[in-house]
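Before anything else, here is the set of structures, which you'll find just below.
Shared chain: subunit A. Partners: subunit B in the first complex, subunit C in the second.
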Partner chain A sequence: MGAVTTPSHHDSHAHGPEISWEVQLKSNRLGLWLFMFSEVFLFAALLVARFVLWYDADLGIVRPELSQELGLVTTVILLFSSFFMNRAEMAMEYGDRKRFLNGLLVTAVLGTLFFIGVVVMEWNILGLQGELFGIELFGHLKPADGVISGIFFAMTGMHALHVLTGLIFIMVVWNNGRNGHYSPEKHWGVEACAIYWHYVDVVWVFYYPALYLIGTAVHAM
Partner chain B sequence: MNAEKKAAAYRLGVTTLIILAVLTAVEYAVGVTINSAVLMFIIGLIKAAVIVQNFMHIARLWREESH
Partner chain C sequence: MKLKIWLTSAYVRGLVGQLVGTLLGIGFIEAIRGAMGLEPTGATFNLFGAIIAEPSFVFGAIVGVIGFLLAAGVFTDWLKWMVGKETPLHHGAPAGKPEWSRYLNVDVNHKVIGIQYGYTSILVLLVGGLFAILFRIELAQPGMQWLTNDQYNTLFSAHGIVMIASILLGVGAMSNYLVPLMIGASDMAFPRMNAFSYWVGVPSVVLILAGMAVGGWDTGWVGYAPLSLRAPLGVQLFLLGFWLNGFSSIASAINIIVTTVTMRAKGMSWFRMPIFVWAAVAASLIQFTATQTVGVALMMSIAERAIGLNFFSPVGGGNPILYQHLFWFYSHPVVYVFVLPGLGVISELLPVFTRKPLFGYKWIALSSLGIALVGFLVWAHHMFTSGMADALRVPFMISTMFVAVPTGVKFFSWVATMWEGKMSFETPMLFVLGAISVFLIGGISGPILGTIPTDLHLHDSYWVVGHFHATMFGGFVFPFFAALYYWYPKMTGRMYKESLGKLHFWLMTPGFWVMSFGQMSVGILGMRRRIADYDPLLGIERTHVLITLAALVIGWSVLIMVYNFISSARTQEVAARNPWRSRSPEWQIPSPAPEFNYDVPFEVVGDPYDYGLADAAYIQMTPAVSGD
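Then we have the complex of A and B:
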């Protein structure tokens, strides 16, 4: 994700005006935000589908029976991961390389915990059972359980896919940072990674209440 | 000057975290008590705006680069 490419010997003969770092950075930012904006349609379509299809003539808006505690914990974990990502970005901006690398690692660990919370515990792909202080640890919905399950897996699956790509992105940036690829003046890769990760958080800001809180809890249908 | 800016940047991160944590707690409380979809959506919008402004730095899009 290096924004500025050093022209190779071959490239140095290429025609065209040279683009300054400032202009390239602005273009990179605009490009990333436009990409994010295009993704809004994808996530919004799933969100709208949730409200249209999870509707009962008698009960009004409904939602699947999910563990409220598990939903809250995963949400808080993702919130903290966003905080540490911001801390890592600020550390790079002010030349604190150690805090930058540690911040990225903490973000990756928290992101992995969120991913485990959704895929292993909520999806329960291993078919586990268990309780902790009376709190159900593993979900019971299956993809073939009906409309509610279908939408639930589509929403959480699309989000989890972005979490996974975000984690890969973070590890790539961490490795680049370890090898000294970024400086306080030039660290577009770090900035882009942070924007992407916060975007994943913003999507969950709307998905969390839509999946776990809004409507009357019903069995899958 | 740089140390002050750095401290302010970290402080903004902590403030943002506290705001988001409080709003999440309020959202959860609304969800399990009055279950108002409109209220939860408004809380979600505020949370998203705070993240976009303070964490994603959307203002950089139209800021002249000072590096």
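Then we have the complex of A and C:
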């Protein structure tokens, strides 16, 4: 490879022509939105798979028997987290760092509750049992329960993975914000984090009815 | 010193990291499984006497790729950002190392990354070509001579996916190297993500090749369920490698689109961009969306094998046709990802070598978008024989025929561009003409497959093999080689050996014609695809010998190209600044291009392809604004 090089006419440690903040911000925004659009295809493919596989010749569209209460509570929690995320972002735009950090923390707590609701309670990975006000707290689906559980774990799992990365993103932004990063004028990291979190929320707005509401409830297929 | 630089290069560090990561990942899951008292499941793997369960193996492979990227240094800047450290982009060779070591390490310059894509693509192309020649020799005679059925299956499956990896790398090479240069940008919009796009492709190719060592697989490159659910362990690494390549595709495509939108030079409106940029953007539009659906199909297959979730196996209520729909929703459009940049190269080079304006610039530009759009509406034509819903068949047949419209626009434009032109026949032009002839074979053999009644007979035959190879060679391989020869002086500053280039062309093109027509003819006479053996009574032995010989000729001719490029980089004369008398901006600056491309920004003042028109400038170098 020795000769196939790009000998620089500059000092090799020179800095490139400065890309202005405005141009880079425009690029960042477009790049993130393109990524979000790309992810539409990921989540939509799973949604399509759900309507193909959760279909019974006699019953039509079916869904698994899931705890309606648990689904509703986790959904409400996730939607509220978006409100606090928006509050945090607005606070940063107005330069209110304390409210910004608190908003992020509340978002992270609500997001974690949602995550626990899905992974610990709905998936019941710890194999627990319990009731509260006569409501079954833990799900019953096992990975080997045919397509009913296959699609359920795939959709909730892909969404939970995004919640988890969103939580990590929030904590990174929170930690950097605590150390004095970001300003009302320049806070692309905060903006990206907020867009990502709202996006994960919106995905759930489509997934919740597809998993919990639409179709005839069946025990197994 | 040289050896030390090789041994500490990102490739070697990455491979060590991949090995360590794989072992750690396997150990982690095995420890959990041991603690839970689980028996090994799935296709097990014997690692120094320890029986490794398939889930551990899959997790290990994923951690291994992360290990590669961490050890190579792809994530370093991003990890620093996470803890709030600013990291200025590092330009130039790693501290204290020679300039050439940039190509062995993580570098953020788009030209370095483009060349990294390029040589990796050629290397992977040689590997995939070697596989083809191995099983092609087996096919020269009926009966089994020197391969077992399993080896044959693994080799043809690996040939398919390895070549697709090579093509994706080649597309990355052209787009990354050329787009910023052509639009007057100093680099891509996201240089670090650009490096990630390249480097994540390396461990995924390693995974696919490693899959051949752990049992291989017999599913072809399509990996249809439920066969993939029963195949040996190798199929897991194939699925994982394929899936991880998707990260590369998506990140790189987003980068190309953003760069084109936000970083064009002053005055470069959309319809004044060099035509290749249109092709690269159209291909990226497919790549960053459709790739997700094949990712879902592959993840589902991986999960169905590894953790027993049911999607495709009819045993638990799954639907194998669903896999095919998800798979082809990507894999049909992706052939346009392969050919659009290639067709862009043809449109880019023809005006230069005919000294005439490109005929119908806007039509060509929009036909690229048209192909990308129609490409999303035709996927089920791969499934006419799969038992999909009858009602879908005719609409998909009609939409498939529509592909011919934007493709035809390109052909007519090329013919009209050449019409009465002052053609000269240097190697790049020869390959452009070869590409047009070969792509025409591929194009004409297509409608017969898109038509349901004929497809039902030809679908499982070598006709498909002939058609597909003609579209891939005409749409990608020939134009890619044309691009390599054409921009070789730009990349290296030296001229390749014209005599060897011509020899390459005159071996490869007739070789390809023989191979392609041979494949189609044995297909009509009853040769089935993906089968290692055939009935001698079919009377196709002689044609098979010819196809094998043609494949060998093509293989040797590619080696001549590789030799030409390696030796010319050292010994050939320094190329003129603009050896092709091109109007394109990248030829108005020194070769190899400076680190940041244009020391002086340029302004677009005219149309790009006004060859032969007096006083029709395309760009104007604006003098630097002095001080403020």
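As a convention for this text, the second predicted complex is superposed on the first by the 204 of 221 C-alpha atoms of A that agree within 3 Å, B and C clash if a C-alpha of one lies under 4 Å from a C-alpha of the other, contacts with A are read in each partner's own complex, and residues count from 1 in each chain.
In the analysis below, a contact is a pair of C-beta atoms (placed from the backbone, for glycine too) under 8 Å apart; a residue touches a chain by one contact, two chains touch by 3 or more.
These numbers come from a predicted model, not from an experiment.
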Partner chain(s) touched by A:Glu93 [first = subunit B, second = subunit C, both, neither]: first
Touched subunit A residues, subunit B compared with subunit C: C
Contacts of A:Thr75 with subunit B and subunit C, given as first, second, both or neither: first
Touching partner for A:Ile151 - first (subunit B), second (subunit C), both, neither: second
Touching partner for A:Ile61 - first (subunit B), second (subunit C), both, neither: first
First, second, both or neither for A:Lys26, with subunit B first and subunit C second: both
Residues on subunit A lying within both footprints (that of subunit B and that of subunit C): 26, 30
Complex contact set, residues of subunit C against subunit A: 82-84, 88-89, 91-93, 99-100, 102-104, 109, 111-112, 115, 119, 186-187, 189-190, 250, 254-255, 257-259, 261-263, 288-293, 295-297, 299-300, 303-304, 307-311, 316-319, 322, 326, 329, 491-494, 565, 569-570, 590, 592-596, 599
Subunit B contact footprint on subunit A (complex, rising order): 21-22, 25-26, 29-30, 33, 61, 68, 72, 75-76, 79-80, 82-83, 85-87, 90, 93-94, 96, 185-186, 191, 194-195, 198-199, 201-202, 205-206, 208-209, 212-216
In the complex with subunit A, residue positions of subunit B that touch it: 2, 5-6, 9-10, 13-14, 16-17, 20-21, 24, 27-28, 30-32, 35, 37, 40-41, 43-44, 47-48, 51-52, 54-58, 60-61, 64-65, 67
Contacting residues of subunit A [partner subunit C, same complex]: 1-17, 19, 23-24, 26-27, 30-31, 34-35, 37-42, 45-46, 49, 52-53, 143-144, 146-151, 153-154, 172, 175-176, 179, 181, 221
